[in-house]
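Note that the chains take the letters A, B, C and D in the order they are written out, and that residue 1 is the start of every chain.
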Amino acid sequence: MDFRSDNVSGAHPAIIDAIAAANHGTAAAYGDDDWTRRLAQRFADLFERPVTVMPVATGTAANALALATFTPPWGSIFCHAGAHINVAECGAPDFYSGGARLVAIDGAHGKLSPAAVEGAIQREGDVHANQPAAISISQATEIGTVYRTDEIAALAEAAHRHRMILHVDGARFANAVVGAGKTAAELTWKAGVDALSFGATKNGCLAAEAIVLFTPPSPERPSELALRRKRGGHLLSKSRFLAAQLEAYLTDDLWLRNARHANAAARRLAVGLERALGVAPAEPVEANEIFIALGGAVANALRAAGFLFHDWPGIGEGGARLVTSWATTDEEVDALVGAAGRARGAS
Amino acid sequence: MDFRSDNVSGAHPAIIDAIAAANHGTAAAYGDDDWTRRLAQRFADLFERPVTVMPVATGTAANALALATFTPPWGSIFCHAGAHINVAECGAPDFYSGGARLVAIDGAHGKLSPAAVEGAIQREGDVHANQPAAISISQATEIGTVYRTDEIAALAEAAHRHRMILHVDGARFANAVVGAGKTAAELTWKAGVDALSFGATKNGCLAAEAIVLFTPPSPERPSELALRRKRGGHLLSKSRFLAAQLEAYLTDDLWLRNARHANAAARRLAVGLERALGVAPAEPVEANEIFIALGGAVANALRAAGFLFHDWPGIGEGGARLVTSWATTDEEVDALVGAAGRARGAS
Amino acid sequence: MDFRSDNVSGAHPAIIDAIAAANHGTAAAYGDDDWTRRLAQRFADLFERPVTVMPVATGTAANALALATFTPPWGSIFCHAGAHINVAECGAPDFYSGGARLVAIDGAHGKLSPAAVEGAIQREGDVHANQPAAISISQATEIGTVYRTDEIAALAEAAHRHRMILHVDGARFANAVVGAGKTAAELTWKAGVDALSFGATKNGCLAAEAIVLFTPPSPERPSELALRRKRGGHLLSKSRFLAAQLEAYLTDDLWLRNARHANAAARRLAVGLERALGVAPAEPVEANEIFIALGGAVANALRAAGFLFHDWPGIGEGGARLVTSWATTDEEVDALVGAAGRARGAS
Amino acid sequence: MDFRSDNVSGAHPAIIDAIAAANHGTAAAYGDDDWTRRLAQRFADLFERPVTVMPVATGTAANALALATFTPPWGSIFCHAGAHINVAECGAPDFYSGGARLVAIDGAHGKLSPAAVEGAIQREGDVHANQPAAISISQATEIGTVYRTDEIAALAEAAHRHRMILHVDGARFANAVVGAGKTAAELTWKAGVDALSFGATKNGCLAAEAIVLFTPPSPERPSELALRRKRGGHLLSKSRFLAAQLEAYLTDDLWLRNARHANAAARRLAVGLERALGVAPAEPVEANEIFIALGGAVANALRAAGFLFHDWPGIGEGGARLVTSWATTDEEVDALVGAAGRARGAS
């Protein structure tokens, strides 16, 4: 029973089926196929307006390509200290942008505030300093919280005031949409978001993400994102298999059904652990992640019983991160809660 | 009937089956899974010695990462003017290496010669000039020929004499192995090759290539390739699905069976066209590509009849590139040959 | 007696005097000083219109910064195979642009032609290939010839037709102005030039060049060149000493007087050698460089007599490059001619 | 009277004299001249051992080139939050290293501690994170303090334990040597320093710094620093004028005499202001910079009286940075102290 991450789960059967279904006959390579072409309309429907959509196979690629398209080499990208781009991508945004600088900022609940960003802007307009280029937030955040639309709008307003763009790392965007009870449009361009890494892998795909631009890159370089993707080695030859995943992901709301399932599992787990241990999660459980101080004895007992999860020091003894996914079952949740309760009783 | 490229074909059913079979239970992300771990032994068996093997999803990524690992920003990479890295990757090697320079060299039959490379080395040891770092050859070449082992060994010898490495872009490596009648080991490290982009996508995978190093990177930076891959956004989270493809590809010689099929189809096509048109291919057909001057009328008639292929100007009127794959049927080949014969008769 | 290059000469005394004269009192650092401020007007006068002018200490920096400002990482820069940026800057344009690619083209008399450039453009608009960004020519060329204004205008027209800019590496711009008998304006923006590396070091400065833009960079990034210069480490703190050199260089036409002197010395040398050896220079002597096949015996004799110059293989036996400068004296020229004549008589 | 920075002062007359003296005859370009060659011995004498020494024209270039030589693109460079490389070089180290990341750390008195650095190292050995490559300290620091040799040794020990190098940004190295009362050797390699940006411009040169390596770069790339310098456009053609400055700077201890003068002026200013205002500097005055809360009225009065200095918010009302140089006179110091005393009396 594996709560290490949502990406330890496999792909939803509908995704595998879609890949198999796409595996008939020949199709033009490098995105010039019907599946990829249909994505434009699919994402236009999803976001209630035309968008630029470009599929890639990893979230790191989506983030780095999206940010590089708007960030010159001398730019600064403001993000939360715990942001995936800051701590878990081996400097991919730095690489793709040609050496732009990430400015890591702390903030409660894994969130950036406009004031904190503006406080971190230094020497704007001064040739000796990196210049503001982008704010990047994670939605859902890395600690399982979800930005409200007014929080996003305030960040977008701050970004645009300083001629920056607002990027959203949506590796868990579906979980955020479900958690916020808002539409994809409301959580993005309607609140001022310029670019989104639309994650799908963690929520049931095999390997598929989409870069979604609401604001086009420089009019002088209309193909910039496509060129950057190819140059980065992220244009798949048999592109239909990437598009087919995304198409199935959006069909019949699979993406929302998966996310609802994962979020519900997280809530069930949070409620169960609080009841069993008398300990509330360290952060609001608004998506599919729980951060909780299990206590050392309980944490050890769970590990001994075969439950897999990551340590999360700093929130108390036996601090743990528990992540649920589209594939997490009630039985798994209840088994963990039960084991935790027994361990606590024994201690 | 589609002869545009081998990457217009889908994936071999055994590859889809392997993906579906891997889709059970959870698995550690980012390559720390059983499927990925097994690749080390699989590739050691294949190459008859331990190697570094690192799967990625695209050939461009494989080439750029392999080359960047051995090429400093001020390095030169010597390649054929028609090399994929030179004309079809939007500068990916330049990007990944931090701005190294490709030196494009002409050569008969799509091949580099040691003399041509050495003639192109300028100002070795001179701080004003880019310094030799790598020779990169395509095997099979971009025009369907195959380097012999002695040709490879001579290039390796030249490379090492100038402290360069020899890299092989093996997007069609299986076709070369079959075409050459040699083992994978004989065509690589036994002939002095330092690094190989081991292609699998064109020959039946969905999206899977392997970077194979026979010579380790700098001892001071043992993890360089792994770090570069992550930083480039090419480390897949659900890595098992990449490894499962490669595993199935090597199982029961699927890779060789597919390549034998494709190469045989190309030969059948070449023989048929020569008989039907009285025109020999412009280059020896040693792998799965044919370059032939069909004549304008025949080319037009084939297009009108629905046959898809790329124009290849410069080899005569109606110059065409015809590529076969693991999925090309004798019926398709014979249909094209028949249509060509009829078109010629009519003209 | 040293004919190796114009940069083996020291600085003109007026330049040293100007530096000493600027060395009084304090001045704001990093270009916010009176000397630097005055350059805007000086260069506006010189070019008969407002320009962006930015001093740096080396020609390589000027070229790389100017080109990077207009060339995205996936861009191509078309230049002559013998261009300084291609063979003598260790890949500086590649580095500054983030990995753009130089496309080296041959051409008679060290010059590019529009047809040759257009023939080298491949896959324009194709995401798999580097995209046209700039044409860069050297004026005077690396072999001592000078582009006529109509030749420049034709290249500019070709550049702009493909949405490229035309850059001039003017390391020997003064020699070209004198050689062409045209104004600085006529040789640049009036003929369609977008950016100029205005050289001064070779022609009498200590270390001073100016990047001159006639076309501004992207309106979205008005400070791009200034930021790139700082980021490249090319913004001098005691900037007044750079500006003072350029100011003195332009005062009382010192730059033209120096170039006239150097060009005249080259002509005197060419005429003298032709008379003494019966051999004409291999290229028209339009600036301050002579390329001539001295014959092996003469070349050896000159070397033995202490004359310094570079071998220039490929133009005949005893091929040599002889460069004159603002400091070359008639005595030095005549001594070389005399020695050559004697050596020929003796052989 | 200008206390804005030490780089608002001109060059020491001996430096101008040395340039003028070097301006005779021709000399091979690009560092192959006698002046440049002599630097090896000069710096060997200075540091009591052979070193690699490479002159450049700016401190930003020295820092960026030195750091890039030891920092791979995926490396981390640990520095103080106030470090020049972090706040005042527009990302030059990021650019030269190919996108390495600066990790900014706070610390009392402008200094890094080993514990703070080790606390900032995250995910060492983890492919998802930038990997430790260098610690960079400023000596003297940006707030006028000086690292003691035991502090340096402790940092070097921490650096080497994590396979990092220790770099010193010595823009004010002379002031530190004087302030610490130690030799150049004691403050560098004897304490474990691997690379030094040896500043000279701020302390009396026109534009001259030297990169000094005590630890060679990778044995596989012995010329790496030289190639990086050329590629960055920092190899001057008339290199003798750079070397002549450094030679004069070291002759007869000019560098130490200048620094002693500047440091003494700073102390005189500190003592005077403390006496006049009853306010001690915010930081120990160990080199040539004073940070002091003048009070708003005094600050305003000084500005009105024509004294130039930079605001330094955060240390109290009227916070100011006052910098002295080799050219600061006792009269200037006393005038400022007198004006401050009068302003205080009036308020």
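In the analysis below, contacts are C-beta pairs under 8 Å (C-beta built on N, C-alpha and C of every residue); 3 or more make two chains touch, one makes a residue touch a chain.
Quick caveat: nothing in here was measured; it's all calculated off a predicted structure.
Most remote from chain C, judged by the distance between CA-atom centroids, is A. More contacting C-beta pairs link the chains of A-D than the other of the two pairs A-D and A-C. Mean C-alpha positions place chain C and chain D at a centre distance of 34 Å.
For the pair chain A and chain B, the distance between C-alpha centroids works out to 34 Å.
Note: centroid distance chain A to chain D, computed from Cα atoms, is 42 Å. Each chain gets a centre from the mean of its Cα atoms; for chain A and chain C, those two points are 51 Å apart. Each of residues 73-74, 89-91, 95, 98, 127-128, 227, 230-231, 235 in chain A touches at least two other chains. Taken together, the chain B residues at the contact with chain D in this complex read 30, 72-74, 98, 125, 127-128, 131, 218, 220-221, 223-224, 226-231, 235. For chain A in complex with chain D, the touching residues are 73-74, 87-91, 94-95, 97-102, 122-123, 127-130. On the chain A side of its complex with chain B, the touching residues are 2, 4-5, 7-11, 13, 16, 19-20, 22-29, 56-62, 64-65, 89-92, 95-96, 201-202, 206-207, 227, 230-238, 240-242, 308, 327.
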